[in-house]
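Heads up, the next two complexes both have subunit A, just with different partners, subunit B and then subunit C.
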Partner chain A sequence: MSDIENKIQEEAKKALEGGDVSVVIGWGAGSAPFKTTPVFIEKPEDADKLVWNPACVNNLAVYLPKLANDKKVGIVAKPCDIRSMIGLIQEKQIKRENLYIIGLGCAGVVDAFNLDSQDFHLQDVIGLDWTSDGLKVSTTNGDYTLSCSDCLRDMCLVCTKREPAIFDVKLGEAVQPSDIRESLIPELAEERKAYWSEQFSKCIRCYACRQVCPACYCKTCFADRVEPKWTAKKATAEEAWMFHATRMMHIAGRCIGCGECERICPVGIPVAELAREMAQAVKDTYGYEAGDPNQESPVLGQYKEEDFDPAHHGG
Partner chain B sequence: MTQETAVIENTTQEAAAKKEWQPTILGILCNWCSYAGADLAGSARLHYPETIRIVRVPCSGRVDPMFVLKGFQKGFDAVIVLGCHPGDCHYAKGNYYARRRIALVKDLLKSLGIPEERFHFEWVSASEGNRFAELVTEMTEKIKKLGPFEGVTP
Partner chain C sequence: MSEKIISKDKIKEWIDVLMQSHTVVAPIERKDAPAEFREIKPGDEPIIDGSKSMMPPKDWLLPRYETLFKVSKGAEGAQVEPAVPECKPTVMLGMWLPDAAAIRVLDRVFLDDKFKDPYYAARRENTVLVAVMPAEKRWSWFCNSVDDVETWKDSVDVLMYDLGDKFYVEGISAKGEEIIAGAYFTESNEADTIARNQVWDLFAKCDKLPFAGKALYDNLAWEDPIWAEISQKCLACGMCSYMCPSCSCFDIQDETNGLCTERYRCRDTCQFEDFTLMGAGHNPRNNQLPRSRQRLLHKFKYQHEQFGVVGCTGCGRCVELCPVNVDIRDVLTRTCSKERAEEPVKAD
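After this line comes the complex of A and B, so read on.
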């Protein structure tokens, strides 16, 4: 994919040289060959720091409400990142004309920690690339090819929107793997409550899941408010329940399913499972999907008279 | 223990045993219809169990889903939300917005394993004092059968 990587660098360079884009947000080399890190390129000569490979996981849209407020920002983006941007535009957090989107067709990205379970050591990995058979992992002991279902991130296993919905330049091809899954929504577990109690009892309330979510841009989050105190600071399962349940209501119909909240969690709580269920409920009941450029306002900011009525019809 | 104190002790224990467990229900009611309906039940001297604690809100559109979540987190045995019938909202459309939120709260509670019987949403108008009294009675009976809420993260 170095071909596309070169093109990204060229486009970023052009945009910065043109002068109306002050910064290009993209991915750069990370602390290991199977990792990348967000980079903010301000000088055309630094554009060669941009990379594009299967480890470009971060949803970079999270930086936009702060950066693209009053100036034009370039951004290298996967289709899911672009869906977050569409949400931000619809919610009037950013203006489309302040974005210069270098949109990428996508073949899915990997979670480095999933790679560790294969028959090579993570520390021996020297590079990752997409091939027509799956993911090529180059290591100091030779190359391995992994099937998509063995290594792609969960959300990529169900993703069917691999073309950028909006863009200024489009690069790369969308690749739809054959082993795409129907859904990641777990069977309604017998003991849902026990399951989430156990998960939430691990939560240290670091709020990383909120910080990384492009839909969580509130200047003051309810969780940080003292008056009223919706959720106390103590890290108990019950307070964590209140935090997560509320966050789920806040992202209902707004979550585009990037899975960042789940990836970032230091204690491995599968928060995106709940987010996916919310998204499914929104889709089932209102036929609404977040990040669709043809939609106007968030699902809870509108209604139709003929909407489904959840009321009990008694008396 | 003297004979007298023993008698007192036994009597209080018996009384406590006889006194049935009663649920505590959080009711979030819109001012213009449902609260007025509850008021009517009162002024008509209709009987219903004293299990409900009412929070009056200006409109069902004011019902932040967090009110419902907080109710459960704080251990209420059930939560009831009532508003004006669709088309009858004092603010024209507040209850239409409420309807979408409530539908999604229900889905969320299901995902989190909170028994759906413990949450009740209904349209109750200012003239439906009867329905209000009936509803509190029904809900109280239902929750008595279910027993105390074991908490959001037992």
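After this line comes the complex of A and C, so read on.
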């Protein structure tokens, strides 16, 4: 993939040399070969710090509402990151003309937690790369090839939108997933309730799921309001339920399913599964999918006479 | 100090005996999540070899949510119901040594001579700490770069080393010796001691990072371009602090239901915007830069000035979990590689 990486660096350099792009947001080398870190490149000569590998997990659109308000920002982006940007454009948080998108075809990215329980030690890993058979993990003790279902981030296993929907430059090819993962969530209401009670009982209320979410850009989150107090800060399953359920309602029809919330949860709550179900409900009800460049406004910003109204139709 | 062996298949028997006289707390596995320290109940399978990632042991000593007291108004006026816990003698098993060293930091904060926190004290003063050295190392460890880890042995009552099918057990304090007296503990031999040393060296002789042995409290500067760099990418989630075994900041909140008010304590972090928000609206740390700086300076400078210990034991949780890979090791390496640092790196 190094040729794609080189092209990203060239495109970023060109954009910065052109003068109208003030910063390029992308991924840089992380502190370990299976990690990357967001970087903000301001000088053309620093463009060689940009990397592209299976550890480029972060959805960098999260930085845009603050950065791309009053200046043009370049951004290296996966298809899911780009769908987040489409949402932000539709919701008028950023302007399309303030973005220079270096869009990438995607083969899915890797969750470092999934690499942890394999046959090698993480400290021996020296590099990751996509191959036609899956993920190649190079280690000081030799190479290992992992199947996608063993190592990709959960949301990548259900993602079929691996081509950039909008872009200024497009690089790399998409690789569609070989098998689509089924939902993990029990279907029966009672079992679902028990399932989520257990999951929410783990929540430590660090709010990382909210902070990492490009759709969560409220200046003051309902959870931080003192008056009225919507949810108490205490870490109990009931309060966590209130927090997550409300957040889900707020991102319904807006979440594009990047799965960042799930990736970073330190206690493994599958929040993205909830969001995925919510997105499906919106799709079934209104035929709307978040992150679709052909939509001009968000689903809750549209009104059609024939819209299904659960209140009038008895649910 | 006694040195013994216990076979792993005898551990359950040992715990059963301990449970007759003590509350026994250990990491218990949970669904898709790191094991959490809680009281062992019949049928639980505690993980005590340090092999799995675990929530910090502070979750037991300083719960994420704890009622301080309740006030209710009835016919006879206001009734205050205190909630200081009454704790049986407790044994905490299964934390690894850096987490036990982190409890030393919590002790400085909550068992201070000037103010002793009665809630923390009720649990902590009755607790015997049994730490374990795991058989495999993790990529994120940097314990021996923040301190002389030999000195940490004093922070536990018993230290165990995972030797595969058995543990090498060292009784360190008198309280510790008392709980390793059963018949299932046998004499150790020379081969065991060699294996014990290997497990110790795996931990104590990790490669030292460039900041090792330097006076971090003298090297971390208020003005440093690194704070702007970190704060630009930091998402201000509280994960690094919430998962840190040494971070101790908390919030106190009141919740009123009808005529009853509960005052409780819960976690808080310097990374949150409202952490320093004053009642009148002023916020002295009004953007992420001073917040990012605060966490590092508090750990390595202010706590050292206050208590003589640094608030980090190199456990690596924040290194592994930070969503944007702000790696504290990298930050310390860069801030301490400036010319300010005169002291040579300690030789092994």
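Following the convention adopted for this analysis, the second predicted complex is superposed on the first by the 297 of 315 C-alpha atoms of A that agree within 3 Å, B and C clash if a C-alpha of one lies under 4 Å from a C-alpha of the other, contacts with A are read in each partner's own complex, and residues count from 1 in each chain.
Convention: a contact is a pair of C-beta atoms (placed from the backbone, for glycine too) under 8 Å apart; a residue touches a chain by one contact, two chains touch by 3 or more.
The structure presented is a predicted model; accordingly, all values stated were derived computationally and were not measured.
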Query = Looking at the overlay on subunit A, is there a clash between subunit B and subunit C, or do the two fit?
reply = fit
Ask   = With the two structures laid over each other on chain A, which partner does A:245 touch: subunit B (first), subunit C (second), both, or neither?
value = first
Task = Based on the superposed arrangement, let me know which partner A:43 touches: subunit B (first), subunit C (second), both, or neither?
result = neither
Query = Minimum Cα separation, subunit B versus subunit C, post-superposition (Å)?
reply = 10
Task = Name the residues of subunit A shared by its contacts with subunit B and its contacts with subunit C.
result = 236
Request  = Within their complex, state which residues of subunit C touch subunit A.
outcome  = 30-34, 36, 55, 64-65, 136-139, 232-233, 235-239, 242-243, 251, 253, 255, 264, 266-267, 269, 272-274, 319-321, 323-327, 329-330
Inquiry  = Looking at the complex, which residues from subunit A come into contact with subunit C?
reply    = 30-32, 35-40, 58, 62-63, 112, 121-123, 198-199, 202, 204-208, 210-212, 224, 232-236, 260, 263-264, 266-270
Query = Quick one: in the complex, what on subunit B touches subunit A?
reply = 65-66, 69-70, 73, 86, 93, 96-97, 99-108, 110-114, 120-124, 128, 130-131, 134-135, 138, 151-154
Message = Quick check: in the complex, which residue numbers of subunit A touch subunit B?
response = 188-189, 191-197, 200-201, 222, 230, 236-238, 240-242, 245-246, 248-249, 252-253, 274, 277-278, 281-282, 285-286, 299-300, 303, 305, 307-315
